[in-house]
Amino acid sequence: MDDHVYKVVELVGSSETSIEDAIQTAIRRAGQTLRNLRWFEVIQTRGHVENGEVRHYQVVLKAGFTLEPD
Amino acid sequence: MDDHVYKVVELVGSSETSIEDAIQTAIRRAGQTLRNLRWFEVIQTRGHVENGEVRHYQVVLKAGFTLEPD
Amino acid sequence: MDDHVYKVVELVGSSETSIEDAIQTAIRRAGQTLRNLRWFEVIQTRGHVENGEVRHYQVVLKAGFTLEPD
Amino acid sequence: MDDHVYKVVELVGSSETSIEDAIQTAIRRAGQTLRNLRWFEVIQTRGHVENGEVRHYQVVLKAGFTLEPD
Amino acid sequence: MDDHVYKVVELVGSSETSIEDAIQTAIRRAGQTLRNLRWFEVIQTRGHVENGEVRHYQVVLKAGFTLEPD
Amino acid sequence: MDDHVYKVVELVGSSETSIEDAIQTAIRRAGQTLRNLRWFEVIQTRGHVENGEVRHYQVVLKAGFTLEPD
Amino acid sequence: MDDHVYKVVELVGSSETSIEDAIQTAIRRAGQTLRNLRWFEVIQTRGHVENGEVRHYQVVLKAGFTLEPD
Amino acid sequence: MDDHVYKVVELVGSSETSIEDAIQTAIRRAGQTLRNLRWFEVIQTRGHVENGEVRHYQVVLKAGFTLEPD
Amino acid sequence: MDDHVYKVVELVGSSETSIEDAIQTAIRRAGQTLRNLRWFEVIQTRGHVENGEVRHYQVVLKAGFTLEPD
Amino acid sequence: MDDHVYKVVELVGSSETSIEDAIQTAIRRAGQTLRNLRWFEVIQTRGHVENGEVRHYQVVLKAGFTLEPD
Amino acid sequence: MDDHVYKVVELVGSSETSIEDAIQTAIRRAGQTLRNLRWFEVIQTRGHVENGEVRHYQVVLKAGFTLEPD
Amino acid sequence: MDDHVYKVVELVGSSETSIEDAIQTAIRRAGQTLRNLRWFEVIQTRGHVENGEVRHYQVVLKAGFTLEPD
């Protein structure tokens, strides 16, 4: 992180396949409206269970973006 | 929580009558601009005192809403 | 707490009316199978929102009961 | 909070009826010796159970008061 | 999470291949005796090392199940 | 910890003599019904005071046991 | 804090000279789009090092603003 | 804990012999001015080292006493 | 910290100029009634904003003093 | 963990492909100078974003090794 | 702690007899290579169980030493 | 932070003048033996008091350096 001013948002993404895919789902969706996303941090990892199997993973993220344009 | 992407915002509401009313005050006010609010989590409960009596309760919430429309 | 050995369980109760009612719902339901419940501690308070209104409160509790009979 | 110097004390209050009443019980009792109480923050919410019912709520608070007189 | 009463248990699962597989191992094993598992939350991720390589991943979970039957 | 699946329970033990004895009291009592206890972790250490002297120590533990038989 | 509803945002500011300047940099930049900023809380203080010297300080803040206009 | 109002104080005690003795040292000293001490909770355990040996243990406690007389 | 018994108090100080000055303001004010203050620890740093500028810094401290006279 | 004395180090590893690979990268690199690594614990999971895609994962670990030789 | 620069290391010690002995075991072993150890802080207390009895205590410590010689 | 492997050390620095100077004191002293220091994070801010005045500030830091040479 350099000397920009960042704003940090909290996001929740989910995936049926992996924790990494749940992270990417959240980052891509947020990237549609927030340009200049720079980093993320995982706050919580959880998920749902159906019939004794993991149905999907759900990841809570903080993600930072620069307030200045590129 | 299903497989939507959520964004989470932090809110502070207050009430002279109860903790529940402080929660509802924040949720209703936020709902004027954030459609699709789905859940909240209480982060902190506090309040102000005047003349030795509780003057109002103040609740800090995280609230999540889907980024997709209903 | 006196010199008994306690076991502690984690419970989630909910209510459409208040945080206190969500606590009581969890304690009463757990009391059907766990005799000798003695105390509880609130771990988290959260809830669901529908159409911009709080739909119900949900409280995560730890509750302790003595391993010895009364 | 303005530019006074505050001292913060920790209190535990209880009530058979509600969390809010447990807060008020602690604030009123502390107010008998601490003038200038200004705010509180709930640190923990717990309680006792008797015969499978909540017997009373117990709330741990931090409460701040100005060191200067009004 | 809807308006059921949940009980929450803590589990530790492990896997030689991935964090997700360690989660599934714990959920499947617990599901043999706990019907109605609904969700999990990862509390800690750790593992063992042998000869400078990760030998297996170990994940500590909380998992919630409804106290009522389906 | 090897590659078993563990379940973790929370216990409270007490002793008039020492923190170690409070731990042992909880482990022994739990061991009457939970075979295969493997490890514990101290979550909280507290106690009661009478007439200005420590009356007994009370220790909150998490304890893990394998779900498989030995 | 009085009885307004607040929204809380998370910001990161930086400065080559001091922690206070990093706070002010974030508050001023955020104030260009968020009117009615009222308070902040420092969440984390960190920084970068170059050639064995502190290159700049970086401060993560939460900042609250009223949802109502002044 | 019953339905009294408690005040909680934070204390640091030390001992050259054991953690339990450090707790007792703090409780006894505090008991000279605070009657009605009822319980304590250990917040932190630390100590000093001299010439590669533990010189003394130091325990940070919270201790609660009733505001009402016995 | 040597082998005295300490009592720890929580204080809030503020300053328009710096975090260090807010600390000193709290320590000096507390020192008028608490002799033998020995150390402090910063618990929280926050502040107020007016017209988009930091109006003052506010620091929450724990401060320890020996119960014995010097 | 048996009765050895362990030293614990903190490491940060990264990977473009997965969280598990970031863990392995850190463990392998540390293993070049620290023999006898035995276990790790994930402290934080984060990463960088470029053009709206996750560029790499970064994992902060604690890793323990025995001070005695094998 | 005076105005030296300290480095802090994390250690794990164990003992079959007591928590204090586990602390001393770690401090003595570390003292063979780290001169100038000054203080420690207990981060976690845990242990192993065999046949329903505590087999040994294990204590995780942070320990600080001056970077300058005495 | 890019894709290097980092090691993180914990340091304590102090200064009679400011928190920033205490950070720089620790970073400079550590930089004499640890080349490639890249970032720091403040873990705790505290200090000593003499005669009712702040005598010096003491800052606990985590600092990261690349394991590879530049």
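Annotations for the structure displayed:
For reference, chains read A, B, C, D, E, F, G, H, I, J, K and L in written order, and residue numbers begin at 1 within each chain.
The rule is simple: a contact is a pair of C-beta atoms (placed from the backbone, for glycine too) under 8 Å apart; a residue touches a chain by one contact, two chains touch by 3 or more.
By chain, with names taken from UniProt: A, B, C, D, E, F, G, H, I, J, K, L = Dodecin flavoprotein.
Computed from a predicted model, the values in this text were never measured in an experiment.
Listed by label, the chains touching chain C (Dodecin flavoprotein) and chain G (Dodecin flavoprotein) alike are B.
Looking across A-J, C-E or B-G, the interface that copies B-D in more than half of its residue contact pairs is found at A-J.
The two copies, chain B (Dodecin flavoprotein) and chain G (Dodecin flavoprotein), are related by a rotation of 120°, based on C-alpha atoms and rounded to the nearest 5. If each chain is reduced to the centroid of its CA atoms, chain E (Dodecin flavoprotein) and chain J (Dodecin flavoprotein) end up 22 Å from each other. Chain C (Dodecin flavoprotein) and chain L (Dodecin flavoprotein) have CA centres that are 44 Å apart.
Centre-to-centre separation of chain J (Dodecin flavoprotein) and chain L (Dodecin flavoprotein), using mean CA positions: 22 Å.
Touching two or more other chains at once are residues 9-10, 18-19, 48 of chain B (Dodecin flavoprotein).
Across the whole structure, chains are in contact as follows: A-B, A-E, A-G, A-J, B-C, B-D, B-G, C-D, C-E, C-F, D-H, D-I, E-F, E-J, F-H, F-K, G-I, G-L, H-I, H-K, I-L, J-K, J-L, K-L. Residue ranges on chain L (Dodecin flavoprotein) touching chain G (Dodecin flavoprotein), taken from their complex, read 18-20, 23-24, 27-28, 31-32, 37-42, 63. Against chain G (Dodecin flavoprotein), the residues of chain A (Dodecin flavoprotein) that register as touching in their complex are 1-10, 62, 64, 67.
Every residue of chain F (Dodecin flavoprotein) that touches chain H (Dodecin flavoprotein) in the complex is listed here, in rising order: 18-19, 44-49, 52-54, 57. Touching chain G (Dodecin flavoprotein) in their complex are the following residues of chain B (Dodecin flavoprotein): 9-16, 25-26, 29-30, 48, 56, 58, 60.
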